Amino acid sequence: MSQSAPVAADERVKSEPFLTKLMKRPELGAMAGVILVFIFFAITADASMFTLAGVMNFMTPAAQLGILAIGAALLMIGGEFDLSIGSMVAFSGLFFGVCVVTWQLPLMAAIPMTFVFAAMVGAVNGNIVIRSGLPSFIVTLAFLFILRGLSLVGLKMATGGSTQLRGVRDATENDWLAPFFAGEAFGGLFSWLAANGLIDTFKSGAPKVPGIPVEILWFIALALVATYVLLRTPAGNWIFASGGDRIAASNSGVPVNRVKVSLFMLTACCAALVAIITVMDAGSTDARRGFQKEFEAIIAAVIGGCLLTGGYGSAIGAFFGSIIFGMVVIGLTYTDFDQDWFQVFLGAMLLIAVLFNNAIRKRVTGER
Amino acid sequence: MSQSAPVAADERVKSEPFLTKLMKRPELGAMAGVILVFIFFAITADASMFTLAGVMNFMTPAAQLGILAIGAALLMIGGEFDLSIGSMVAFSGLFFGVCVVTWQLPLMAAIPMTFVFAAMVGAVNGNIVIRSGLPSFIVTLAFLFILRGLSLVGLKMATGGSTQLRGVRDATENDWLAPFFAGEAFGGLFSWLAANGLIDTFKSGAPKVPGIPVEILWFIALALVATYVLLRTPAGNWIFASGGDRIAASNSGVPVNRVKVSLFMLTACCAALVAIITVMDAGSTDARRGFQKEFEAIIAAVIGGCLLTGGYGSAIGAFFGSIIFGMVVIGLTYTDFDQDWFQVFLGAMLLIAVLFNNAIRKRVTGER
Amino acid sequence: MTEDTKFHHGDATDAAPIVEMKNIEKHFGNIIALAGVSFDVKPGECHCLLGDNGAGKSTFIKTMSGVHKPTKGEIFFEGKPLHFDTPRDAMEAGIATVFQDLAMIPLMSVTRNFFMGREPTKGKGLLKRFDVDTANEVCMEEMRNMGINLRGPDQAVGTLSGGERQTVAIARAVYFGAKILILDEPTSALGVRQTSNVLATIDKVRSQGVGVVFISHNVRHALAVGDRFTVLNRGKTLGTAKRGEITPEQLQDLMAGGQEMAELEGSLGGTV
Amino acid sequence: MTEDTKFHHGDATDAAPIVEMKNIEKHFGNIIALAGVSFDVKPGECHCLLGDNGAGKSTFIKTMSGVHKPTKGEIFFEGKPLHFDTPRDAMEAGIATVFQDLAMIPLMSVTRNFFMGREPTKGKGLLKRFDVDTANEVCMEEMRNMGINLRGPDQAVGTLSGGERQTVAIARAVYFGAKILILDEPTSALGVRQTSNVLATIDKVRSQGVGVVFISHNVRHALAVGDRFTVLNRGKTLGTAKRGEITPEQLQDLMAGGQEMAELEGSLGGTV
Amino acid sequence: QEIVVVSHGQANDAFWNVVKNGVEQAGKDVGVNVEYRAPETFDMVAMSQLIDAAVNQEPDGLIVSIPDADALGPSIERAVAAGIPVISINSGSDVSKELGALLHVGQDEFDAGKAAGEALAAMGGTTAICVNHEVGNVALDLRCEGFAEGFGGEVEVLPTSNDPSEIESKVSAALASNEAVDTVMALGASSAGEPAVAAVKGSGREVNVASFDLSANFLQSIADGDAAFAIDQQQYLQGYLAVNFMGLHAKYGLMPGGNVPSGPNLVTQEKAAQVIDLSAQGIR
């Protein structure tokens, strides 16, 4: 009808509003959940939750979880699980701690070594899964135990009997690489803002928020890169294909095994990144770091719309999923609920957020 | 060729030895793992592990886990997960405890009420999953938190502030139903055996093993019934079909939704059974009962050959899977290994058992 | 009526239709798959549903057998307005369907797929159980009748060849009997022998008073067994013709949606 | 050579075969799917592989394209002994295959499936990215050429109709070009128009020197494009015939494995 | 007035539940609003985030446990910098002052373990197992270490999950595989202590069982002579006193001059019977 249309309009297609198109993207499904949770806390929570400091406060755990969740989401889209990421956080944290504290290596050496080390463990995971044909669930579960156990043993060896390795902060404080992995970015900007009264300050005059925690920047960067890779590169196509149907993908010429092993390595590196950031921030590591993080990462990915069966999902979904999870967990402490009820609320909020997001999507897109 | 054969031999089929046929059944795959683990401990562990007392000792936790694992396996075959079973153990334990201690009900009433109650929660789970079309992972995860939280709240209400509800043993000791759910069965037989010197006794003359813990009997019975249902009833066929491809199953006339909801109810009832047995055995219940049991149950089912994607697996597999898990967890304390290495060994043993069982099956059946 | 086949062709015009579908529309989100299709099936007739790829044939018969709920339109079953909530409802009312994707579970054995949803049992009360031996026998026998010699009843359907699998689905639908038998491209993967068996089977059940809905892209198969022919195009009905009112060439043109075809007559003798 | 079609039939006997398979056996556990099959394809010919359901045709071509490793037997590619570890290897050597199950990912869009494994890129270095626009255009264009008007390139393959999906698989295999094109029942779900396009396409690529392996149950399609015909039965070769050496009726008998067929000649004119 | 308590122990942990009850009671008694918060597992990173969240709400007082000074230090210092008075409880007596806390109410885990070890060694124990139901939880690890030091003899740490029946089986197994074991130290009464008693009973051996913390059933076992003693930190005091001090501080600026040790207190057979009821109500 329209004269400029290059292709004649197809009478078999109804036109659909822009919003509908948006909601159809798995990337944006989880946004409805974020908005719902936001509204909930805007009403029930202490006003300080949505001050700058409050936002940074819930974004920090969300970011730490989110880095893992994005890795887990890519792996899930590729059709596999990695249950060992939580233990991997402890283990690579230990490795990193030993590098800087015991061996006194500069970050320049310690950080790449930690990543290489983690990637190697990931490759082992991946190769066992591929070669044996066993479900990745059971293989990485074994590594959940093995790595957790090795962290304990390693810590005791490194410290001479304690399960806590301390002194990381002292060892890394003055390293030029430290600002990229610990503390807050844009400190100067924030001091300036504080000095000019643009953001809240403590009585001492220091800004309440000294900067943006680096993990948040990493988190956002990772989400963008992962989304780009998934949607705009051949590798992304291979990931979807490998997870959708490994036989069909392999028959169509996708190097499924290579894709899967790479994803395992990537997930392990995400865990190592979280380990480096949290160990440097905390200045210490212990045998329980990252406990059950694998679980939370999978939760965040699923909230964000990834299918457990593989082949469907998005990194942005995992991004929003992590924010939902982080917001609920921290947000509840801003409300007046009794801690006894914490888990009840946590569960109910998750369920409602996901149901809501699902209902909205169905209503908008007219699926049945 | 053979004169008595009613159908002519098919030249497109090779004859295969009996062992090969056996190994092809998913029911029996996990047996190789059991044997390997047995051999391992026969060599490394203290001899007391395989005395009668030792066997009962590792079979008791294996049985408690196994009851859950069989439920979880059926549900997984039916294509869904239930992450709330661990919390369900705590919650129905609380309900049962309140029935007998606070309300002073006889077991005749308390036990059926607990089962009905659990089944109702399971039905809620199932209906939300079916109606919303959300993955069961995320729905039951919400219930993991909700039920765990409610257990805590309920316990504190029931006890006036403590996280432990006690007095169950006193309240149930003289109930005629108690022997079916607590303590040991065949006590008379064992005393007789002890009196005749056929089994080990204490110096006092009492048998070291006073009988077979009832959970073991429940475990075996449940495994048999579940196997029978899966392999020899229409319901079993529906379970496989629903998990294999819910659309295809529904198009072929299988009442998929009914099957799935029933399975959720069954799993919840398995959790309730474990709750009743353990609460009566321990005489008390607390807010942490069943912690992470959902996870272990799924592990046992997967070790036993269930596919996470549904449609494949067996109850007997879950049976052997639970025994492997129980044997490894308890068995390692019978060995001389430094217990710091516990988790490393646990993980390694699981991995080796599953790899071995897989390798054997491939070798024997000639799959590639 | 023409005399060009050995088939008995029902003269079904006088009987009341078993199922009548009026102005069925079906939308998937913003996609319009059916834009108003009317269709009916009478006892003892074979009504062919023809049309180009993507015309909406499968969507239509899925609406008929309870898989999809129509977005608009009415369904009458034996004269009464009705709509099926699940395929099981449709099945119980007497509609047996062979779907184009066959609705088989790859990991399950042939027998279990064959009897899925309608397992034969033996014993009573608590001992009522799936009668595996009978099931295996029946299944092997029915497959043999269709011209397939299976190696064994416990082979997983996922490892069957395409034609073997399709035969399982057809044999299953036919075995349980029904008032209406819907076949969505049943012969697409079949060998010549199996195809002729299926066509003969259609003829047989029709003569028993069953109404058959037959979807095919093969003009010759359609003409061999069809009593009426309805052609769909882009989600709409192009019209219905009775046997003998239309030539193969006309039918083929209608099926192609009136568009030009690549030239390759020769040995294909007019119809592809 | 007969003159019964408008097709150009290659006279391929003089050229050396591109692929030669000798005495291929394939066992799955205790199941013998292939019990010694020999076969070769020459450049510029269309070699039809025919046979009953379950004869082993699909298994055989899967061995040829690197999906299965043969249990026994030798494969020569351009004269050299070779075996492919993965389908990707075979693809890179120049074997394009349309599998009977199509090897599509239902949840992915048409374009993504079309280019799966061989995505067009633009940009360089770190910015090298999947060229979505070109891909969409090419995909829609190729589908149109095959006679399918898709609603859009981003529809999920799982929601396509059976014939639309099959066309995607065929268009994909043809688009990327190859030395050997293997088509496993490519026309089974296609409409008449699409079928004639596929047959014409086979003819076109053959004339460009590509060797085509064509599997079909439709005698008439096979005869329309085939230069040589090899018939399998129960995992064994029944023999190979050249075009013109065999009548349609003889061929159909061979394909049925020599067994009796249900009687339903009439309008089917000798062949099903 | 608003006071926030952030601990490393979950609300459903028997030990911390008592602390929480003390916190709530003190809140009522002093007339302040208190909130108790803890991470879902022993997780120092999450705990530091909870402290940050509390600081953002600028309460009138913050009460924290400090199992890892490195990880929690910056957050606590931030609270102090924000002008929020801080009291530490339970663990962290050594670093409490350094980080700027006003005082510490609690008892060192290591010292408590040591006291228990000494008491059990005095009962003639030579070979012991220490049942650790949360390996890697530094607070529990310290209990075992202290115990090993105080006990002096051979000590093996037995890692378990916190499932009672698994603990019972593992203790049985440990007893069966080592005839020399004559002492069992459990790190939590209801989760580990009770099953340990059951396991010892089942073995028919003379073994001393002791446990950290109290539970009604374990106290009953002590009263019946099946268990030796329980180490009571009187953690109710940790919650109650800290909130009380903080409330008074907020109202009147009062604060005691030094740390308050809440334990250890060995509950032996004579005393056990009296505290069973209190324990069943979550006070002891």
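Which chain is which? They are A, B, C, D and E, in the order written, and residues in each are numbered from 1.
Please note the rule applied: a residue touches a chain if its C-beta (ideal position, glycine included) is under 8 Å from a C-beta of that chain, and two chains touch if they have at least 3 such contacts.
All values derive from a computational prediction rather than experimental measurement.
Chains joined by the most contact pairs: C-D.
Centre-to-centre separation of chain D and chain E, using mean CA positions: 72 Å. Each chain gets one centre point, the mean of its Cα atoms, and the points for chain A and chain E are 33 Å apart.
In terms of their C-alpha centroids, the spacing between chain C and chain D amounts to 27 Å. Contacts with at least two other chains are made by residues 12-13, 148, 152, 156, 340, 342-343 of chain B. Among the residues of chain E, those in touch with two or more other chains are 11, 135. In chain C, 28, 31, 101, 149, 151 are the positions where the chain touches two or more neighbouring chains simultaneously.
Applying the touch definition to every pair of chains gives A-B, A-C, A-D, A-E, B-C, B-D, B-E, C-D. For chain E in complex with chain A, the residues that touch the partner chain are 11, 20, 35-38, 40-46, 48-50, 52-54, 56-58, 68-71, 73-74, 81-83, 134-138, 141, 145.
Contact residues on chain E toward chain B in their complex (touch as defined above): 11-14, 17, 21, 135, 156-159, 161-166, 168-170, 172-174, 176-178, 190-191, 194-195, 198, 204, 215-217, 279-283. Partner chain E is touched in their complex by these residues of chain A: 46, 48-49, 51, 53-54, 57-58, 60-61, 64, 148, 151-152, 161-164, 166-169, 202-204, 206, 208, 278, 281-284, 286-289, 291-292, 329-330, 333-334, 336, 339-340, 342-343.
Of all the residues in chain B, the ones that touch chain A in their complex are 128, 132-135, 137-139, 141-150, 152-153, 156, 298-299, 302-303, 307-309, 340-348, 350-351, 354-355, 358-359. By the touch rule above, chain D contacts chain B in their complex via residues 27-33, 35, 69, 234-235.
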